[in-house]
Structure formats: C-alpha cells, structure tokens
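One chain, chain A, links the two complexes that follow: it is found with chain B in the first and with chain C in the second.
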Partner chain A sequence: PPECWSSPPFFTLQPVAVTREKQLTLWADVVLDWAKTTNTWSMALHKCPLWANPTISRRLSDEGVAAVVAHLIAKGNAEWETGDNGSGGAAAAAAVGEVGAGRRLRIMWKTVANVANELIAHARESGMIGSVYTVFELHSGDDAPGTPFHQMDPWLLRRAIVLLEEQGKAALFEGATSDAEGVKFFSA
Partner chain B sequence: RSIGCGLGSLRSKRTGASGSWGLYMAGPIPFFGPLVLTRSGRPALQDNEVEYIIQPDLELATACEASGGGVLSLTSHRLLWVAGGKERAGWLSGVQRASLDARNMFSKKRTLSITLSTGFDAGELAFVFRNGGEDEFLDALHTSIQRRAWEAADNRARSTGFQASSAGISGLMRKQEQERRATGKLAEEAFTDLKALMGKAREVVSVMDRYKAQITSDAAASGANEGESEQMRELMLNMGIRSPVTRSSAGTLYHQQLARQLADFLTHSGRLKEAGGMMTLPDVYCIFNRARGMELISPDDLVEVATILRPLGLAMSIRKFDSGVTVIQADSHDDRIMGQHIRALASQLGSVTSVDVSAQLRIPLTLAREHALIAEEGALLCRDECLDAIRFYPNMFSEWA
Partner chain C sequence: MCQQVGVDPLASNKGFWAEVLGVGDFYYELGVQIIDICIQTRPSNGGLISMGELLQQLHAKQNAARQEASEDDVRRAVAKLKGLGSGFGLMQVGKTTMVLSVPVELDNDHAAVMEVANRTSSGSGAPGEVTVESLASELGWPEERARRALERLVAEGMAWVDSHGGRTSYWFMSFWLEERLRTPPAQPPPLGPPVP
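Moving on, here comes the complex of A and B:
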C-alpha cells in the first residue's frame, strides 16, 4: 500500500477545496492500483478493504467514500452496477448510504475504450478474424490464460464489444446470458 | 533607597526644563514651544503631568498670529495647542492671569484672554470659544495655575535631605513606616474630597510609580523570588496609565483620543506583541479597564474605538473571523508567517491540536484554533478528525499528489 494510506489525515475528508482535490486524486490512484493488483473489476462497495486501515485505527467516513466514488465515476474509471449513475452528489451519497444493501461498484482500472482497443488488436494479431467467439471463451476459454482478458468480468467484455460494434470493428451476437453472447471480429 | 533615586531623576528632568527658561530671559520669547507627540499622536506627557481638559474647535488670536480650528488641552503643567498641523505647548508658569469676556445674549461666542508674564513676545493670548465649555476651562485653568504643579516636584525633591535620625536600619524602617502612613492618609483624603482628588491624582500615580520602581529593583536584586516579582511586575505594569482620557475631558474627540490611548497602551511594553500580535476584544476590554481603574469604558465604546483604529492609522485594526471571534490585530501580524510557525510545530511534534498550539505559542485557545484553521485554509496544514479533537498535520497532500 502507498505511503499516504498509512497516514491519518488521508481518512478525513479535507474541508479545504484545494487539499480535497489532491486527496481525491490520491484515493483514486489507491483504488485503481489495488483493483489492478487484485484483478478486481467489480466489488461490493462496503466490502472494499481500502476504506479502513486498522493499523492506524482510521476509517474513511461514508461521506468520504461517496466523494471518492463520485470522483472515480467522473473520471470514467467506475460505474454503479445497478441503478442511476447520475453524477449528482445526492444520488451518490444516497447510494453509499445503502452500503448495507450491498450495492456493487464496477471498477475500470482500464477504461472500456482501452479494453476495446486491446481486444481488437489481440484479435487481429492472433488470427481470430472472421470466426465467432463467445464471451465465455474470451475470458475463460482454453486460449484465455496469458491474454489480458483472462478472468475479466463479462460485463466489461460486453461493453468493449459494444464499443467496437459502434466503431464498426466487430459485431455482437445476442445470447441468453452474458457469457453466451458472441462476437465476430472484422479485419481493419 | 530606590524611592529617593526615583525622585532624584525626576528632579534633574524638571530643573532641565525650568533651567532653560531662565537662560532665555534675554529678549522677548514665544510662549509656545514645540510639543512632542507619542507614536499614536498623543501628546507626550512629562513625569507627573496629568491632562485635565481637551477643548476642540477654538480660534487663537495673538499680537503675532491668528489660527483657527485648533485643539487646546490643559494639563497640570502646560497648555497644549494643536492647530494647522502644528503641535505646540506652553508652560503654565508663564501665565499671569486669565479671564473670560462677558456673556453675549445673541451668540455663544466668548473669548478667553490669557495674560502672559513679561518677557514673552505676545502680551496676551485670546482663544475664541464658539460651542461652550469656556467656563469649565477657565475654572480648570485657574486651579492648575494655583496648584503650581511644576514647582511642587522640585520642593519635594529638595526636602529629602539627610538627617541623623534616618540613618541605619531603624531609620529606614521608620521612613518606610512614615511613607506607608502617608499613603494610607492619602487614600482617605483623596476619596473624601473629589476636587482635591484632581490634585491628589498626580500624587497617587507617583506612589504607584514608586512601588513599581521598588518591585523592579527587588526583582533585579534577588533572582530567587523571580516568579513572585514577575507577577507583581505584571500587576504594576497593568496600572501604568497616568491620565485616563475621559468623556468629560475630550468632548467630541472622545473616541479618537480613546483610540490613540488604546493604541499606546497596547504597544507600550509590547503587550500586543507578547500576545502574538493579536488579542481578543474581551481580553483587551479587561486589561484596558483594569489599567484605567476609574472611568471605565463600556463594551460598546471599545467596539467603536476598535473600529476606528485602522482609519486613524494606529498600526492595528479590528478583525472578525468566520466563527465570530473578534480581535484587535497588529498590522505587523502576518497570517502566512503564523501558519508556517504552526506547520513547523506540527512537523516537529508529528501532529498538533489547538491545545498544543495554544500551549507552545502561548496564545489563548480561541486564537490558536483560528490560526490553525487559517493555516489549513492556506493549504499549509491538513486535518485528521478524531473522536475527541481535530489533529493538524503538515499538509502532505501537496507532496504526494
């Protein structure tokens, strides 16, 4: 964990605007680093181990968590799994207030655009053009290990495929479940 | 001992002044000489000189000159005349006679004629009063001249000649006993006759001075009692005001003169500086009134006075914080510098609470909290909110982000 996470002021939402900006930026870095290291693409908000540091007996308040989440969403690195993703502070605070309800947050330490680019590049390099692959195959198929998409959450792959479809680089085939959906990659 | 020394130095100052008068007896001399002011614009009074009346808006007409819109002040020793940007003072010893012209039914204008002794360039001074106050002024002027305060000091100095009975320890003890009795008698007399009080006021103030001198010499002699004499020193210094500016002596200039006196009081012996360049209004109210002793000022007066400190350019001003705390702040105070002090303190101790800041910088808790908040606002500190208090850390976010 980075140095700031071991420092008590990090867990108090700073009242001074300038200082708060820097604090939220740091929190975003901490969350994204952790997600990348643990390969986490979505989590139950209240279960995230980052919000409290028992060693220094400090916990980020609900208001603080809401501010961090809002910052991440605004940066395009996170979104709510269910419900309204409006950027209003009230919505965000209300959402966090339902922490007990176990609301889940998707963390995109790679943005959808990043994943889409990687996907089409990988497809073209690996000779996957023309054939149809299921989403399941992409993240857990025999060829999946070693690729950046190994064990990636299906919702993210789907989003990336949808983006590629918009860009005219692939086609999405609807399926019964998310895993059963398919994609066909086009050449450049 | 030190009492004799006090009056001895007093005497040399006085003879210096009256001695120079004697030298000037050659040709006609001007009655008014230069008047020295303190840094806040108040007249610098001599030892034992007390201000009685301040009268604004007078005109002066003499054989040599005329000036208008001036302020005439009467003290126990001199007449102070401030007009046309010039401050001047004349010794009461040069006044032979003073009188008012008859009352006019049609206008309030009256002329106070002051006849000077021979040897001055102007035989007579005429002050024109247009708004009243001339009767009190003439009364006070007469009383001052009769009392001849400038001579009495010399007499008392001369009378401390040495006698055989005042030799040795018993002599010293007897002398101290006499003085103590005189002081007691002084208090009695002073409080039974209010008019005589005006004259005794000067004596009471000089008694306080003697005590003050005694305490300082005691403190210098025995370092062992330092704690005690430190307390006494503070107590005595707080009684250092000699001639309180009162409502009746300053008329319409009341708040201005009071403002100047307050500024003098706060800068004298570095009170405001010791407090860190900032003092809350309640604190100022307490110490200022305690020093005045009589003629206390009201809280409203203090707020009024504090508000005009800046317009009068007295090197301090009133300041109100967001929390509602109101202070008098010296112009020399800089938020940034105070913030850096606190930041350095936080670095040194790891983190600080308002209590730590208050203890380390020796300032009241309310002000410590304000300074810490200002430093936080300036991104020098960041906070950690615990259950019991807010701890301030040096702002590391700037380094991390």
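Moving on, here comes the complex of A and C:
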C-alpha cells in the first residue's frame, strides 16, 4: 500500500477541511489500489484489512471509515449492496449508522461505464456477436480466463449489460439469478 | 522570519539573458516547476516543504536532457520568486532548510515548534511528531502557549492530528516525509483480500 498508509495521522479523521479533503483523496487511492490488486468487487465493510495498520498500532474510527466510504460513493467508485445510496447527507448519515452492522460495500475500481466499454469491445473482437451468453459464462466459463471479466462479480457484469442495452449495443435476457441471465451483443 | 537567501542572482553563467531579463531559461523554468510542486503538495504539508523533498520531486520531473537542479539553484530560483512578492521564502529549521510557499506570518513560536518537531532524536516519538506536553517540556513553555502554536500550524495545514488511545499528537508531514526519504523503512507485506 502507498506511503501514507504507514503514517499514523492518516488514521485520524482530520479536523481541518483542506487537510481532510486531501486525506480522503489519499484514502480513496489506497482503497481502489487495493481493490484492483486483490480483484475485490465487494466486501463486508468491517472485514476490510485497510482500516487498521497493526504495524503502527493505528485504526481508523467508524466516523473515519464512514467519511472514506461517503467520499468513494460520491466519486462513483462505490455503492452499498442494499439500501439507500442517495446523495450527499442522506448517504453519509446512513453510512455512519450502518458501519458497524456488517453491511456490504461494492467497490468499483473500474466504473460500470468502463466495464461496459470493455465488454462490448471484447465481444466484437472475439466473434461473440449474435449469440447469447450467460453472465456465468462471462465470468467463469471456459473462455473467461485471460479476459478482464474473469471472476468479476455478477452484479457488475449485469450493470454493464444494462448500460449497453440502454446504449442499444446489447440485449439483456432476464433470469432467476444474476448468473442465469443472458446477454446478446450487437455489432456496431 | 524568513532568512536572507544570501545568493547574488547575477553571479551565474546559466543563461546571460535569463539573468539580465529575469525571465526565460533555466531559473524561470525551475521557478515554474517549484511552484507546481508546492501547489500539488500544499494540501498535505500546508505550504511547507523540505529542501530534500523538493529536490527529490524536481529530479523526478526533470529528464536526462536538462541538467539536474542543485540546492543552490533552488535557492536562487526561490530568491527570484520572493522578489516577485509571491509569498515564497526559505526557513531554517535546525539542520533542515524549508521552502515556504504561502504568505503566512509564522512567528518565532511556530519556528521553535517546528525545530523541536524536526529533531530526529526527540524523545517523545518519531521524527516529525510532537505533543503539547513534549513541546512544553522541551521549550520550557506553559502548555497553553504550546497548544496555541500547534493549533495555528494545524489550521494552516502544516501539521496533521493523530488521536489514539486518548492521547493527541501532531505530525509535521514535511519532516516525516523528509526522514522517510533519508532512511526508507522496510516495505510492509502486501495486504490480501478480505476474509470472506
């Protein structure tokens, strides 16, 4: 993890506005970097190993964690798995109340738009146009390893497909579960 | 409070016209780079950066084609920037030269606090870390005076607050970073994914 994560004051939510802004920006970098390195797309918030650094005996308070999460949500890089993702004060207040309750947070170190673009590009380059693929096949099928979608969480793939459908580039076929849903990609 | 730079800006052969006109060429470009770096790092250090860290950042930006800036070059460039009334200046804190890039009035109390913070052998903690108590003890001040100086420096963004175990300490990120540059610690092991 980056240098700042080894600095004790990094784990105290800073009182001065300008310093806090910088701190939250750095925290966002730390979280997204880690999510990318570990290929994490969702997690139980309190199980994230970033909030405490035992080497320096520091731990970010619940309020601090809530501020980091609110910042990530505002930037479009995170959302709660269930419940209100609102905007501004409502989301932050809900977050503070929920931090200890084991809620799951989705982390989008790639945004939905990024994944959608990669998906349609991949489909067109790989001769996938016209056939129907299940979401399961996309992340865990025989051809999945080596693609950017290998082991990607189904909820993210589904969101990307929905976006592609809105853009007229694909069609979503609903199913009983995320994994059972299908997609048909259209050519350009 | 800012020290005299003590450099004669005309005594240099790095571009005759640069010196005469005060613009263009090596020092002008260096000044622009210094301003850039100070602006980028200001949210972390409040506008106070050590010469060591500034030089490191400058060398990272500069490519092999142009000559690397020396500390002397930086002093000259800062002297020029100061001459433009830009709020730039140098500040000596113990053995460390700091470049101040904000027009903030720092008095002797603030300088004394920074000097204590900069002492790597300070008994209270790591380099760059102080507490109200350790300051008061080192400087022979009443705690209220130490607290006031610290709070001003925190408000200016030059120090970060560290609250843990009921105790509050203050970190001067510019000194902490300078020390990390001098003696980089062992890399911590990479963090694994969350336990499911």
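Please note the rule applied: the second predicted complex is superposed on the first by the 176 of 188 C-alpha atoms of A that agree within 3 Å, B and C clash if a C-alpha of one lies under 4 Å from a C-alpha of the other, contacts with A are read in each partner's own complex, and residues count from 1 in each chain.
The working rule: a contact is a pair of C-beta atoms (placed from the backbone, for glycine too) under 8 Å apart; a residue touches a chain by one contact, two chains touch by 3 or more.
This one's a predicted model, so the numbers in the text were calculated from it and none came from an experiment.
After superposition onto chain A, the partners chain B and chain C occupy overlapping space and clash. In the superposed pair of complexes, A:Glu3 makes contact with chain B and with chain C alike.
By the touch criterion defined above, A:Lys22 lies against chain B and chain C together after alignment on the C-alpha atoms of chain A.
In the superposed model, A:Gln14 lies in contact with both chain B and chain C.
A simple residue count on chain A separates chain B from chain C, and the partner touching more is C. In the three-chain superposition, chain B clashes with chain C only at 39-47, the remaining stretches of 39-47, 75-83 or 183-191 being clear.
When the two complexes are superposed on chain A, the residues of chain A that touch both chain B and chain C are 3, 7-9, 11-12, 14-16, 18-19, 22-23, 25, 58. Residue ranges of chain C in contact with chain A, taken from their complex: 43-44, 46, 126, 129, 154-155, 157, 160-164, 169, 171, 173, 176-177, 180, 185, 188, 190-196. Across the complex, chain B is touched by residues 2-4, 7-9, 11-12, 14-16, 18-19, 22-23, 25-26, 58 of chain A.
Remark: chain A residues 1, 3, 6-12, 14-16, 18-19, 21-23, 25, 34, 37-40, 43-44, 47-50, 55, 57-58 touch chain C in the complex. The part of chain B that touches chain A in the complex is made up of residues 351, 376-377, 379, 382-386, 391, 393, 395-398, 400-401.
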